[in-house]
Amino acid sequence: MDEVLENSYTVKTTGFEGPFALLLNLIESRKLFINEISLSQVTEDYIKHVNSLGNLHPAEISNFVVVAATLILIKSKSLLPNLNLTNEEESEIVDLEERLRLFELYSKLALHIKSNFGKNMIFAPLERKNTTLVFLPDDQITKESMMTFASEAVNKIPKKVFLPEVEVKKVISIEEMIDKMTLRMQSALQMNFKEFAGTAVTKEERVVVIVGFLAMLELVRQGIVNVVQNNNFEDLIIERQEAVEEIIIENI
Amino acid sequence: MNLEQKLEAILFFKGESISIKKLASILEVSEEEIKEALQNLKTNLENRGIILLEKENEVMLGTHPEMAGLIENLQKEELNKELSKSSLETLSIVLYKNGVSRSEIDYIRGVNSSFILRALSVRGLIEKSVDPKDTRKNIYKPTFELLSFMGVRNVEELPDYATVNTSISSEIEKLEEEINNEDQ
Amino acid sequence: MNLEQKLEAILFFKGESISIKKLASILEVSEEEIKEALQNLKTNLENRGIILLEKENEVMLGTHPEMAGLIENLQKEELNKELSKSSLETLSIVLYKNGVSRSEIDYIRGVNSSFILRALSVRGLIEKSVDPKDTRKNIYKPTFELLSFMGVRNVEELPDYATVNTSISSEIEKLEEEINNEDQ
């Protein structure tokens, strides 16, 4: 119980109730609109942020991870125009955009609620005073029935309130997600990037890997780094041009 | 809003008689102005379903006398109708957690119970009193009539009282903690 | 006495919400006639101190929103006006969609909403009912309490309600289809 309480507190302090609020904030802080381009631009920041949520409840983390996976798809697509996405992957992207737009709409409407709630209230009349004293029981009230009703009321109370019911089929850890995405990219590009990333063991290191990977792809796109691949499935050789080191630091 | 509209809102909200002096103090005008506005209100209420009842220096709103028969039937029907499942459930919680607040009942049931509690009070099954631990709060208890109707002298004589009472109390503690935490 | 006068008397007597069906049975007229009379009552109540609150098939009387400050001072019960971020998000979906399933709320918010829905139900701001379009499903709707807190007579009075509902209804239908497909 204590753990859950602490975790919920973490959500409050970071200020993001869920993945969409975080994503929307990243997009809006750059004064962008919701589309594939803006989503690909905020992917790194999003992943870094999710990584800092490390001590959240797993069920809450999984909400963020599911979205991270789609963002990485979008990012990869924008960096690698030749990358062929499956229909399922394409619809995941469209779906994320649509959900984000809906979330944005209701978040805006929520401002009306925030500013009007409790301001000009309508009141129902007060409880009328009971003038005539009556006692009108009902045959359904017996010792046994009351005991049953009371016990059932207690048993009905939901127990595991944090169990994610809707996203349960999609629950994966950030490590699994990154492994999956790495494999996906590797097979698409027929490459790996062990040398670039080193041996990542902990979750934090793996996040660095994926962020680094994305940064590298960005550099490739900009023509700053040449990635040479001698044979399929062999490590990438990254040829650094002048002043590349600085750029890598900036990008990561 | 003019004075008679304000008077109507206050009288409707209170639902009981209120003195002209009190109305003047609430609305921060003279008693003369109140009397004048009450006259206007009376005119406004002609051909309406509610009327202004006056007695010496007190006034209240009431239903039109022509509706008396219908209202009386409505009242009887309301009192004699069978208790719903939700009413029985609420009643059982009041019995097994003697001296329970509305919000505690709401926590257990997962829904707001105010209308049900009102109806149970009207039927004389439960009674509202001020919480001795916190005078701003109200708590509900079963009436003596209810206990004797059930054939017990006190709540402790109810079947499995100790067990059920303890589990209700511990659930209330847990739920309050969680809900306060979620809904900051 | 005409029908709207009778309706006003009954609503005044009840002091809480009542269904159109129930009103029709009390007054022994059709639901259509009740609906028509309620329209007239609404017109009659313009420029008065009380207003008619409407929610699908239920109605009730309440004080005019402009009287809020004054009435609040007369009320002893403390009002909880705090809303967390998750409460705001969830209430905005429930209010502007006026009837929405938990899975739709989860879909829009991207997080599990079962706990916040329970907290809002306990506060009496939303209520669960059976989806008229699919009786196997439950939907969440705003309560009169929520409309009262917002100071609106019905959901249509919410700021931007009309714009939002015409522009997004098609998009929402599309999404609902997708959700249903996912569920299968």
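In this document, chain identifiers A, B and C correspond to the written order of the chains, with residue numbering beginning at 1 in each.
In the analysis below, contacts are C-beta pairs under 8 Å (C-beta built on N, C-alpha and C of every residue); 3 or more make two chains touch, one makes a residue touch a chain.
Fair warning: this is a prediction, and the values are worked out from it, not measured in the lab.
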Most centrally placed chain - per-chain CA mean versus overall CA mean: C
Most widely separated chain from chain C, with each centre as the mean of CA atoms: A
Cα-centroid distance, chain A relative to chain B, in whole angstrom: 45
Chain centre separation (chain B, chain C; CA means) in Å: 21
Inter-chain centre distance, chain A versus chain C - centres from mean C-alpha coordinates, in Å: 32
Multi-partner residues of chain A (each touching 2 or more other chains): 123, 125-128, 158, 161
Numbers and ranges of chain C residues touching at least 2 other chains: 15-16, 61, 63-64, 66-67, 71, 86, 115, 118
Touching residues on chain A, where the partner in the complex is chain B: 1, 5, 8, 12, 123, 125-130, 133-138, 140-154, 156-158, 161
For the chain B and chain C complex, residues of the former touching the latter: 1, 4-10, 12-15, 26-27, 44, 47-50, 61, 63-64, 66-67, 70-71, 74-75, 103, 106-107, 110-112, 114-115, 118, 136, 178-179, 182-184
Residues of chain A touching chain C in the complex: 17-21, 59-60, 63, 67, 95, 98-99, 101-103, 105-107, 109-110, 112-114, 116-128, 158, 161-167
Of chain B, residues touching chain A in the complex: 12-16, 79-80, 82-83, 88-89, 91-93, 95-96, 108-110, 118, 121-125, 143, 145-146, 149-152, 158-160, 164, 167-168, 171, 174-175, 177-178, 181-182, 184
In the complex, chain C residues that touch chain A: 15-16, 51, 53, 60-68, 71-72, 75, 79, 81, 83, 85-86, 88-89, 91-93, 95-96, 102-103, 106-112, 114-115, 118, 144, 147-153, 158-160, 164, 168, 171-172, 175, 178
